[in-house]
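Heads up, there are several structures right after this.
One chain, subunit A, appears in both complexes that follow, with subunit B as partner in the first and subunit C in the second.
Here is the complex of A and B:
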């Protein structure tokens, strides 16, 4: 654990809920665990240190993120300087100057960063949970055989696996082709679900807005796009590109629409997951922020109640979004690979 | 716009993590789990089929049993009927033969009685004739004591005898 005392002069600053919420929603280079004011009146932040990995001058560079938390905050790096500004690493001059272009956005260039950020850390936590849960379940299945009555963790995972296999995958994809996509779709479902749930844990190591991050949803959407189109049948491509049985005039309009449709489907998947999870985080944070805006404990019962309701709703949204993403991906795969009916 | 700008680092880690997780899970989780579930489903399907077959067999067996019972019942009834008929026949025959025997005995008795009657009648007749002869002899002796009486009888007889 890394602890660091900072100047305790923030008491007088007005509370900015938008800044607080955006700070929580966006990625960070260290994982904040808690803050307190010590006996000397200094504000102490406890952060979980995360490694920074940069690609610079044809080589990978590793250092810990606390390097940026030094008071000067401008880190000499080879022949140049780095500065962490709003949780993003920029190349700067020795003074750490941040330049803006005419649009108001930052003009400094950024090194290619493969850092283990808060979201990446959360991602690893999610993956470990998934692998641990299903690895343990699989071990039980191998040890006890398929005919034994399910016990323990099997009872937890079996109904969900059966639901995903039978009601999502096999309902959309022809049975003989469904088995090929089952490992991918099962992984997809639990990957989204568990990462949503990890994001809902309000303290370390949860609370990162991973599945509400556009990079995360975009990656999954691209994988869906590949899964849909790489295995597309001749029939699917013929209908898409030639549209048999449609008058020529209609074809001129129809075919571009169809081609755009290939891309809008995963684009919709990407935005839906991103918007739902981010919105959930924003709402919960906004309700919590009400205490600090009104500056009264009297509103706490109401905000806690509202938070509870919202968190319960978010638990529903967590599985619902995993379900929708998997269902739509299965549906699109089904449309692409199924034989003509 | 910060929220909508993809971050290459996170894309890289998400892709890597997802693909590694997918391959690991496929190898170490989905394969054994899905295989076990398939084995169970097939077992259940097979058991259900087996149970249906067994049920059919039981039904068939009970049908056979019912048929056998029915056949036996019919057989028994037939045998009973036959026995009853045989019994009646025997009784009737016995009755008839007894009647015949009785008639025969009665007949024989009757014949015997008749013969004996005849015999006694002829004996009586013989006796009567003997007695008559004796009586006649006695009468004759009495009648023919006197000479003239003897003479008149001889004449009378001689009158009656025709000597032509």
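Here is the complex of A and C:
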């Protein structure tokens, strides 16, 4: 889908690296592939179109996101109008007015959106890879039996699964209880790892900042919070709420701290993944932006070298963050379910 | 001269303290591993857990510094 920018590209337009980086970090309603200046001097953007799904007047409405890319940018929608403003959809009037309240935030109301955005699209790509790899491996196991010599894709996934099961999960959770949590924790590990890797692909199907999105990490942290506390043993709750054997004065301070601790553990999980992945994307983009800031080919070799080093480091961070998230979740689950020693 | 930016100053302090804390953990873990190589995987796990806890506090401070 090609759209022409409303104003022609000016050569002396200053390049704003902060805007470019923030635009990449945030979610978007279309997947930008590339833009170029054609023979007429117009700037042409090539976007992958994504559907917009809105809940309005007790019904779902589907349309494609390129509707918002027309020059007038205000879309008539039933008895009202819609406008895409900083990648969020707002109700507006026929002039596309955006109102601000006194503390500077936007006062227009928003429709409930279930749109397939850039991040959701990236999530689908990650899920497809997971289903493809693990579906193929599972088929081989069911055909050849679990004890046969591994072959093909099994050779790739079996050592990693065994590492996660034996060195992360069973090392933290008592043996007889570990198997109940193994499916969730394995899914968590591979889901975070593969989505981190998809985010590191610098061109079209990848490159979305999915695992550096706070809603994504929050969902994982909420599921981990439930896994920790729903299966918590009587012993865990007794130590948390009554704290036997602690003097009364200490209890007054200890019990509130413990209760806050229930919530700060998953909060830390959420922030850690979010901050690490977002920081990685920002650093890689900032290094790339150096070329456009300095506007010289002479910096390109240094930038490419630095990007190469950073991306290699991000490959390490991708698996390290998946490892830490899984390790800490299984550690917290272990603290909650393990028997008294 | 540019205006003094207290957020950036705070972030620099946070990073300094976090790097100091994590490097102390790494130092202690390395020493322990060289003395007891047979339990190095256990030490490594404990090292990562403690480093992650420090990192959690650091990230919390970074978010507070950013929002204020």
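Assume the second predicted complex is superposed on the first by the 333 of 341 C-alpha atoms of A that agree within 3 Å, B and C clash if a C-alpha of one lies under 4 Å from a C-alpha of the other, contacts with A are read in each partner's own complex, and residues count from 1 in each chain.
In this text, contacts are C-beta pairs under 8 Å (C-beta built on N, C-alpha and C of every residue); 3 or more make two chains touch, one makes a residue touch a chain.
Keep in mind the model is a prediction, meaning the values are calculated, not measured.
In the overlay built on the shared chain, the residue A:170 is in contact with neither subunit B nor subunit C. Within the superposed three-chain model, A:120 lies in touch with subunit B and out of touch with subunit C [touch as defined at top]. In the superposed model, A:272 makes contact with subunit C only, not with subunit B.
One of subunit B and subunit C touches more residues of subunit A, and that partner is B.
Touch criterion met: A:142 reaches subunit B, while subunit C stays clear of it.
By the document's definition of touching, of the two partners only subunit B reaches A:218; subunit C does not.
Residue overlap on subunit A between its contacts with subunit B in one complex and with subunit C in the other: absent. Considering their complex, residues 1-15, 17-18, 20-22, 24-26, 28-40, 43 of subunit B touch subunit A. On subunit A, the positions that touch subunit C within their shared complex are 167, 171, 264, 267-268, 271-272, 275, 323-324, 327-328, 331. In the complex of the two chains, the subunit C residues touching subunit A come out as 41, 45, 48-49, 52-53, 55-56, 59-60, 62-63.
Of all residues in subunit A, those touching subunit B in their complex are 22, 25-27, 53, 86, 105, 112-117, 119-120, 123-124, 127, 130-131, 134-135, 137-139, 141-142, 145-147, 157-158, 161-162, 165, 182-184, 186-187, 191, 213-216, 218-220, 223, 278.
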